[in-house]
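Consider the two complexes below, in which subunit A is the common component and subunit B and subunit C are the respective partners.
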Partner chain A sequence: MVKEIERVGIPVVHICTVVPISLTVGANRIVPAIAIPHPLGNPAMSKEDEKALRRSIVLKALKALETEIHGQTVFEK
Partner chain B sequence: MIRVVHYINQFYGGIGGEEKADVKPEIREGVVGPGMALKAALGNEADIIATVICGDSYFNENMEEASAAILEMVKKYNPDLFIAGPAFNAGRYGVACGSICKAVKEKFNIPVVTGMYIENPGVDMFKKDVHIVETANAATGMRQAIPAIAKLAMKLAKNESIGAPQEEGYIPRGVRKNVFKSERGSKRAVDMLVAKLKGEKFETEYPMPDFDRVAPNPPILDIKKAKIALVTSGGIVPKGNPDRIESSSASKYGKYDLTGVNDLTAETYETAHGGYDPTYANIDADRVLPVDVLRDLEKEGVIGELHRYYYATVGNGTSVANAKKFAATFAQELVKDGVQAVILTST
Partner chain C sequence: MRLELGNIFIKDVQFGEATKVEKGTLYVNKAELLEAVSGDPRLTKIEIDIAKPGEETRIMPVKDVIEPRVKVEGPGGIFPGMVSKVDVVGSGKTNVLKGAAVVTAGKIVGFQEGIIDMSGLGAEYTPFSKTQNIVIVCTPVEKLQQHEHEHAVRMVGYKAAAYLGEAGRNITPDEVKVYETPTLMEGAKLYPNLPRVAYVYMLQTQGLLHDTYVYGVDAKKIVPTFIYPTEAMDGAIVSGNCVSACDKNPTYNHLNNPIIEDLYERHGKDFNFVGVIITNENVTLADKERSSNWTAKLAEYLNLDAVIISEEGFGNPDTDLMMNCKKIAAKGIKTVLVTDEYAGRDGASQSLADADKAADAVVTAGNANEIISLPPMKKVIGYLEPADTIAGGFAGSLKADGSITAELQVITGSTSEIGYTKLSAVEY
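Presenting the complex of A and B:
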């Protein structure tokens, strides 16, 4: 799906847990997530901390969208 | 006697389904689950002395730790042969099988075999490193997969020569081998061309690798003005799953209006995905589709606008052809709606 979106000219960032799969599939901008059943959350945290964590991942994704890249790039934690 | 260690996931190990996908690896003596049939297929010259069981999510979320722990376990049994799966079209299981096979092969220098469906993401990741027997896409193909895996594994264990992928039933590894043919290359090439012109079937001797890569688009220059859309393969849908998106092998995607939605709650949204433990997403779907945070960022002016609609499907055993078709369709809508960037989340 990332490739088809990229193909029409829209930059896309893939937030996912299993980065090697994303690389294999061909995503260009990749932001690693927390865990498979809760990529943008952590149920062990308080509501506020969890939302702050989610916000930090989304901000990283926005940063990735603003970054010029020349090939597949993983925006590390 | 050829000593075999077998690797399976928590489901085939009888530990549990998705709710147990986070279990750490363990090793048990003898056969477990599909190991029974595998042992029979391997015959009298081999024995499965131990079985490693590991949760699919645990392995994928902790690849290095999981591999290291499993290698330690395997070492104690001093095997001559290592078999993983088959994983069919289970993505995390395939990645685990491929990656542990590769690790075992590198560490102990023994033959390794696994089995997967051709679209399993583990295939592209590991086909060059290990022999992967091509299987059906679901466990209903177990009866065909087991003998094929056993046969190839025994050949490798006995150091017999391995034939071409089509003959042996494994997925091509990109290895080229010199062979003698009765006709010279120029004649074979012309024969192929003639067949092609006639519209007849012919088989190329050198399939071109399929590099389906799309170059990255230029970045967003002013994110403060950008209209950003959310897309997910994590199956987040309005409560009740109005479009009845399938929990696996999805045949459709959904398009949902986020007007007036500032937070996804247990009462309003859920996941339709059958390939991970839904507990956390059902309590708070923002954990998969971060609508709450994007609304905040929209209010604060960090982004221009969150697009009115989000698109969702279930990426669980869903065919690549379907996923491609879904996205190709909605990508056109995104363009028409003036969306400038997409955040796609996957579980």
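Presenting the complex of A and C:
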């Protein structure tokens, strides 16, 4: 899906847990997620902390979308 | 560590007055077996049935298959940390009711449980159509949480296998096989000129009913470690998996791992079988990195020349497989991978979710997406209804006449990634 959307000229950020698979399939902007059963959250956290976590991932993804890249890039920070 | 495995060949199973083995027949006192597995308040009903090879019987949904074994000599008991104390097992003598199996079935726990057909096309795809099966159908109390349900049924399976195994305690085995692994230093001295080979045994540990236990410990909580191969033969590793039926390792397969047996077969002839590195398949990238770092570190530490790596399950564990492969290969150690494929119904899609050029020797146990049609059976032990919803099934899988059209995934043990199957796939 990532590749097909990019093919028509729309940049994509792939938020995913298993970064190596994302690299293998050819995503260009990759934001690491938390865990496979809960990529965008963490049920072990309090509701407040989890909300902050979720927000940070979304903000990181938006930042990645704006960033000029040259080749596959993993946005760790 | 030295283990004598005494195989008592079981050619028939019948209910009888006393639980015993006589002339190749296992007689089961139903009431006594029921008592041995009862007592869990989470289960309202436990039913016991028998399914024999060639019968028109379908068992589903199948959770686990377990071989009855008993420790006759040496420390510990079968399934340490589960039904026996946590002594180190794998030495002394163990008797096996070879040809018999306990199958746990009943109301679905998760969504990926399997089918065993005792005859017809489906029977050809599962090794458990050739065993004399004691089938235990468990019914949980209402609104029982899934993980509680899984635990309750899992324990019933081990208890049943341990109870039935006792029938073989005082029987002279028909065949005795000896498996021996010396200490590292002795082993190195014994075969200084043979390549040093170990087995990297990946265990499914994704949580949410995808778990494996080692001496009672949930393997997602371990860091990779080293075990004597014979420990597995005494049930040190057991399945808590309600996942993809075709390529999970039921407890039976952990007890009878063909990779371990074949490595022993050629030990001292073609290579020096050093031992087994067990590792997990966890759900965070950090866990995957840590565990594969450790398998590579252990492989280096053990001075290995080559490893065989087997996967359990599919999807994201393909990445664990590739990480193990490339990190071990980077140490200058040769690798052979054993897996299965999800190449689409026509076999044309990419087989694994991940790939790496270091994976240059791969053994496949078949394409789990292939469509098969299973004829109706006269007798059903368990429930047919989940056929549409288990992994590999789809809306319309179950026909009105009781036949099932689904992906090969639905058949228990069909694409075993430790090779407890005769299936493979070829390109043409």
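Here is the rule we use: the second predicted complex is superposed on the first by the 76 of 77 C-alpha atoms of A that agree within 3 Å, B and C clash if a C-alpha of one lies under 4 Å from a C-alpha of the other, contacts with A are read in each partner's own complex, and residues count from 1 in each chain.
In this text, a contact is a pair of C-beta atoms (placed from the backbone, for glycine too) under 8 Å apart; a residue touches a chain by one contact, two chains touch by 3 or more.
If you're wondering where the values come from, they're calculated on a predicted model, not measured in any experiment.
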Practice item. With everything superposed onto subunit A, say whether subunit B and subunit C fit together or clash. Key: clash
Practice item. Figure out whether A:M1 sits in contact with subunit B (first) or subunit C (second), or with both, or with neither. Key: first
Exercise for review: Determine, under the contact definition given at the top, whether A:V18 touches first (subunit B), second (subunit C), both, or neither.
Suggested key: both
Review point. Is subunit A touched at more residues by subunit B or by subunit C?
Key: B
Review point. Touching A:V58, do we find subunit B (first), subunit C (second), both, or neither?
Key: first
Check your understanding: Looking at the overlay, does A:P32 come into contact with subunit B only (first), subunit C only (second), both, or neither?
Key -> second
Exercise for review: Considering only the stretches 129-137, 219-227, 237-245 or 327-335 of subunit B, report the one that runs into subunit C.
Suggested key: 129-137
**Study point:** Shared subunit A contacts, counted only where both subunit B and subunit C touch the same residue
**Key:** 17-18, 20-21, 24, 35-37
Check your understanding: Taking the complex as given, what residues does subunit B use to touch subunit A?
Key -> 18, 21, 57, 60-61, 63, 91-92, 95, 121, 124-125, 212-221, 223, 226, 228, 231, 233-234, 276-281, 283-284, 286-290, 292-294, 296-297, 302-303, 313, 315, 323-324, 326-328, 331-332, 334-335, 339-347
Exercise for review: Within their complex, state which residues of subunit A touch subunit B.
Suggested key: 1-18, 20-22, 24-29, 33, 35-41, 43, 50-51, 54-55, 57-59, 61-62, 65-73
Point to revise | Of subunit C, residues touching subunit A in the complex | key: 206-208, 283-285, 288, 316, 318-319, 322-323, 353-355
Review point. Which subunit A residues qualify as touching subunit C in the complex?
Key: 17-21, 24, 32, 34-37
